[in-house]
Amino acid sequence: MEIGLTHFLIISGILFSLGLFGIATRKNAIMVLMSMELILNSANINFIAFSRFGGFNMEGQIAALFVIILAAAEVAVALAIVLNIYQNYHHVNVDEINKLKG
Amino acid sequence: MNTFQIVFYLFALIVIISAMGVVFSRKLMYSAFSLLFTFFGVAGIYALLNADFLAVVQIMIYVGGILVLIIFGVMLTTKITDVDMISGKTGKWVYLGASIVSLSVLTLLLYMFNTVNWNLPGATAIYHDSSLDALGTVLLTKYVLTFLVAAILLLIAFIGAALIARKGN
Amino acid sequence: MFTFLGLGPLTWITFLPILGMIIILLIPSGEDDLAKAKSQNLYRWITVGVTFIQLVISIFLVLNFNLKFAGVNDPNSMQFVERANWIYLSGLPLLGNLKIQYFIGIDGISAPMVLLTTIVSFLATFASWNIKKSAKGYFSMYLLLVTGMMGVFVALDFFLFYVFWELMLLPMYFLIGIWGGANKEYAAIKFFLYTLFGSVFMLLVMIALYFAVGSFNMFDMMDFAKYSHSSILYGMGSNWRLIAFAALFVGFAIKVPSVPFHTWLPDAHVEAPTPISVILAGVLLKMGTYGMLRIAWPMFPDAVMYFQNWIAVIGLVSIVYGALCALGQFKFGKRDFKKLIAYSSVSHMGYVVLGMASMTTEGMVGAIFQMFNHGTITAMLFMIVGVIYDRAHTRGLDDFGGLANKMPVYTGIMTIAFFGAIGLPGLSGFVSEAMVFLGTFKTYPIYAMIAGSGIILGASYMLWALQKVFFGKLPERWSGPWDPTHKIYKTDDVNLVEKVALVPLVIIIIYLGINPNAMIGLMSNSVNHLIEFVKLSGQVAHL
Amino acid sequence: MTPEMLLNLSIVILLIPILDFAFLIFFGKKLGRASGFIGTSVLGIDLILALIVAFVRLTQYPNETMQQYKFDWINLGNTSVTLGIGIDNLTAIMLIVVTLISFLVHLFSMEYMREDSRFSRFYAYLGLFTFSMLGIVIANNFLNMFIFWELVGVSSYLLIGFWYEKDSAANAGKKAFIVNRIGDLGFLIGLMIIYSTYGTFIFEDVFGKIHAGILPFNSGFWLTLMGILVFGGAIGKSAQFPLHVWLPDAMEGPTPVSALIHAATMVAAGVYLTARVYPMFTADALLFIAYIGALTAFIAATIAITQVDFKRVLAYSTVSQLGYMVMGLGVGAFTSGFMHLVTHAWFKALLFLASGSVIHAMHHSMHKAHNHDMDPQDIRNMGGLRKTMPITYITFLFATIAISGIPFTSGFLSKDGILAGTLAFGELSGHWFIPIAGFGAAAITAFYMFRLTIIAFHGKPKTSIAEHTHENNGFITIPLIILAVLSLWFFYSMNPLNPDEGWFHQRTQAPQSAVPASLMWNFMNPEKEINANENINVSNNRLHTISNELNKTGIPAFLVTHTLVSQPKVETEFKETLHHAHVPAMILSLIVAISGIILSFVYYQFKVYDPDSIVNLYPWLYKGSFNKWFFDEIYQATFINGTIGLAKVGAWFDFNVIDGIVNFVAAIGRGLGHITGIFDFHIIDGLVNLSAKISGWLGTALRKPQSGTIQAYLVLTVLGLVVLILLFI
């Protein structure tokens, strides 16, 4: 079977689901962050796959590039927040930081 | 099965297995190292998709930057005395719910990928040279403003991160 | 047309203060005393710079002003016009098409006012030199106020005019309410409500006019041919038109202020800080009479001719009543220096209304010239009160006396200002008052004669105040050095900053007293045109 | 010298004092005493220029009309306001009067004001005053005159209140200014009538148009009123009844100021104005003027009898003499009235400067004796000054004789002319009150002036202070001597009994009236037009020809002039009668003057009778005179308190009623707000609370899933997304 668009999409789908699961179940904030990276990567794969097979030339790659930039920024800020949380709570367990609780 | 397919499946396998490692491993360090493999795998897939420059970028930024950052994060937020550096467990109900949701999302996605008729204009011609040239041209002409904005955003994010993470206040 | 960065001089002169305000807002005010003082100084100089550029632009405008162009109801002979579509909506429920233009320009009526605004706001900056309390807020509000005032004088679109009119209100409220005196909240709210009350009338008439002509363009509203037949304002001399004019007139008369809508003025003046009093008396009051000339007169010529007599009576009553109240200050109630000048403002603005009601060239020119002169002279008077208030922390007239020996320069300047207010020949106030009298006599001889009593009353209260402050013996406690606990105040003469604020006004007052044509030349063409237009349309209506 | 040069030179004369003022205001303090020298020498230059101008005008162009220069001051597009200056014989003479007296006062003040702390300021003010006065003199139009008129008022205010540390001085300055303003209001209304009727302020244009038959509101009454209103300015400035009250108070100013302003020049401005606009007065207006003058002359004279302050006696004498001048103009004795202005200027300035000399000497004497409580101006403290201050005494005596109207003095020449005019007027019009008041005042004048001289200078010193006075130095005595010489007859006419032959009378003939013949005294109209039948036709014809000429040339054929000698002299019945009244008037005035002098010698020098006996005989008469007939008190009670009362009512009304209404409306607003508040609270808020409770219950129920864990939210969100997608696919 010729490797086509769908193959890549399936990989990205799996990656996405794994990321989602990770975000939902992990307690540690850093783990949550890692899972988020997975989701971002899956999206990037989609972009590039569509760029390659969809005839969008460079547009998809450009988008992926910006996603990478954003990811870098996001991680930087997120880690800073995590460090801050750690200073305040002395742990980084997401489920225990429930100030939003109604 | 040609070489392309072999390489593809190899990379797909690496990505999926290492991703599972990231998600399911209880030890933080294991997860982090699995993430390293995932990134490599994704970079390979990029290369297969004719996006060689992005593949390099993926390795440089994700592996060289983000991952290092994450590992630092791990080190800084975990007490050294905690030898295990284990991520705490969440409740069973959460596990169950998350599993259901993730699986259903996966099913849904796979169903959609298989059934949707994308109605695309057709595959792009494969570049035999590096895509770097074309990418650079587009980036500095059509998307120059976006590029600049992204650069500024990155700068602001880093300054902001430094500010937030500053000790005390 | 002279442009800079694609924008004309009027846009610059109007919005430059906003630019200055943004810069001021971006500069942090500092935390410790040293940094605070530094930033305060910076705010001051930015304000001085901005208002100075405005002054330069306005002088440039006046020098390049074509005296042959009349303006008034003819958009083609307005000068320095800038025009762009601002809000253009179509298919709105009820309103249909909404056409609001950014349409500005000046003619012979507004040119003196633009000049006056820049002069007064530039010099009032120096009167703000001692503002310590939250200088950042003060100066940014101040600049916003300047934009509002300038906008009112250059707007040629009624909606734009209204926007600027209201824009001016807000900073004024805060400037009185935050930086004011003991009873500031009362005064600020009174000012706000009074003016708002007036603007509601204006708004109603504006909307009615909009429905009549289908745009907010002032020139369309002056062109009776453009009135739609279904509008209530159609039909010269109709009752609705008279009512609309009366409402508009009340809206403007509150701002002037004419008796009986004047009681906000003494309170606002007494409570406002010095520079705000200066602006209030120097520029804000003129907005009322300017509005009458720019809007009420040419848009409702029929109603003006109908109410002419009553408008003259209002002007007359303001003159005499204001003067009596000012005179009454020294026998009744607290003898507050500022209150005295506030009532004198009521009296002097009465001349403006009387002159405008006379519908003669002399009266109308006198009225506009009086607007300018009252602006400069009263600004000076309030600055003078500010000078003494800075030293003595009191405005009670009974607390002063014998200052002439201690403060000779101050005495000299104040004497000039007072005689300017009395209408001494050789100073600008005389020319405008005399012109108002000469013009009014042609239309209403008896009113002119009665109004003449205002000059006697004016001399009485002004000279009385002069004597109270400067003549006689110096009270013990003015010997200084300053000691607030024992109420001993030093009396040093005017310092450099105060001189910078006062001396230009002295020069203007004397120069225009000797060569009034410098200012009258600007407006005579427009005034003649306006009178001709109003009389012609008004007569047509009453045929 | 061409007329242009003459005009340019007079502009220079006008500007020199104001430059002097500006210079001294800015640099005076540094200059100190030197400012006096500067001021005096500048005024000396001014005087020389004025003499040149006057000489040229009076010799080269004695018969020409006013030479003038006009320019547009305010251009209104369709109209314009024109100002200008002009020179004629009247102006030329006034130029000399003003500059000479100003110069002498400058000189005098060098010594008199030597110790004042604001010496330079004083000289600056003198410069300002001289400028304003010169402006009045060379005006060729009403507006110019009014402008400088007011400036004179201000400089007078500054000079009267020069010693403002004294409350009385500051009050006097204020009073002078405000009382003057009342007169000026009349003037201003007069200007309004003139401008609205004639559209111009230039004298000759206005008179030309009046002559052409254009009347304000087409009524003779308004023309009369216009004249009276303009004359109102003169009432204020020349201190005529009923606005004379400010002048005596103005004596609070330094004595040189009194001499300059309140004796010789400023107060004369009113008379000058009346003379200047003479052609526009109708018969009724002239009668009004004559009565005002007569009343002033008489009332002021009666007050002067009992005053004890040296300067106040002179002040009332001034008021009285100004009344004479005004009366003279009113009855038609134009030339004599104007001449009296000039001659009076000399001798009254002399009297005041001499009084200044006395006060200065008294002051010094007090200073040496370390006595600071005595009033140096009270004549009861003087006496015997004849011996200690001979020059002052002799010059003062000269002036006293002149003011009493004894032959061989200038005062006789002018006063006699006025009295002859009143006699003629009384005879022709039947208003006999005017000559009676005139002669009565003449007698009283002679009496009180000699009373003053005798009490102050004769007899034995009444205090040791007076005993130790000394004659002052040259700065003070030289002006006195110059003025004393000017009080002699030969400057004006070689014949000491008849001024008609002198150059002065030749060059200041009465201008012809411009008002229509029907509004003028019949006996003042030209002889040929008296004929009643032709009266109307002739004036109509004249009107016709004049309007024709107006159309042709644009210049009115009739030009106002005071020197129409080259034209045929207009003979009127009045002139005829005046000529005949001359000798009887001379005899009568001599009799009354000499009887007045004898009476004062009888009472005060030889003390044949005790003056107190009369006081005891008619105490109310004495009290009334001493208290100035209670004018000040009456004004205080009526006008001032009335105005203040009105002002109080106004202020009260403003504060309580208007502001009350505003606050009341605000209170209603608040009250309504309160009611709606209650409604709000119970009903509307009730409903709101109900719905709030319902949503509260719902909230509690829905609260359970809100664990606060972000992850749970995420899962739920994604679940929702999935469900939605499923629903939509």
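For clarity, chains are labelled A, B, C and D in written order, and residue numbers in each chain start from 1.
Just so it is clear, a contact is a pair of C-beta atoms (placed from the backbone, for glycine too) under 8 Å apart; a residue touches a chain by one contact, two chains touch by 3 or more.
Quick caveat: nothing in here was measured; it's all calculated off a predicted structure.
*Asks:* Select the chain whose centre, defined as the mean of its C-alpha atoms, is least distant from the mean of all protein C-alpha atoms.
*Replies:* Central by C-alpha mean position: chain C.
*Asks:* Could you state the distance in Å from the CA-based centre of subunit A to that of subunit C?
*Replies:* 63
*Asks:* Take the average of all CA coordinates in subunit B, do the same for subunit C, and state the distance between these two points in whole angstrom.
*Replies:* Measuring from centre to centre gives 67 Å for this pair.
*Asks:* Hey, how far is the Cα centre of subunit B from the one of subunit D, in Å?
*Replies:* Comparing mean C-alpha positions, subunit D is 101 Å from subunit B.
*Asks:* Measuring centre to centre with CA averages, how many angstrom lie between subunit A and subunit D?
*Replies:* 97
*Asks:* Multi-chain contacts in subunit B: which residues touch at least two other chains?
*Replies:* 90, 94, 97-98, 101, 105
*Asks:* Can you list the subunit D residues in contact with two or more other chains?
*Replies:* Answer for subunit D, listing residues that touch two or more other chains: 711, 715, 718.
*Asks:* Where in subunit C do residues touch two or more other chains at once?
*Replies:* none
*Asks:* What's the complete list of touching chain pairs for this entry?
*Replies:* A-B, A-D, B-D, C-D
*Asks:* Give every residue of subunit A touching subunit D within the complex, in rising order.
*Replies:* Where subunit A meets subunit D, its residues are 20, 23-25, 32, 94-95, 97-102.
*Asks:* Per the contact definition, I'd like the list of subunit B residues that touch subunit A in the complex.
*Replies:* Touching subunit A: residues 4-5, 8, 12, 15-16, 19-20, 22-23, 28, 31-32, 35, 38-39, 42, 45-46, 48-51, 53-54, 57-58, 61-62, 65-66, 69-70, 72-74, 76-77, 87-90, 94-95, 97-99, 101-103, 105-106, 109-110, 113-114, 118, 120-124, 131, 134-135, 138-139, 143, 146, 150, 153-154, 157-158, 160-165, 167 of subunit B.
*Asks:* Would you mind writing out the residues of subunit B in touch with subunit D in their complex?
*Replies:* Within the complex, subunit B touches subunit D at residues 90, 94, 97-98, 101, 104-105, 108.
*Asks:* Per the contact definition, I'd like the list of subunit D residues that touch subunit A in the complex.
*Replies:* 699, 703, 706-711, 714-715, 718
*Asks:* Could you list, by residue number, the parts of subunit C that touch subunit D in their complex?
*Replies:* That would be residues 190, 193-194, 259-260, 262-264, 321, 324-325, 327-329, 331-333, 361-362, 365, 402, 404-405, 412, 419, 424-426, 430-431, 434-435, 437-438, 441-442, 445, 448-449, 452-453, 455-457, 459-460, 463-464, 467, 470-473, 516-517, 520-521, 524-525, 527-528 of subunit C.
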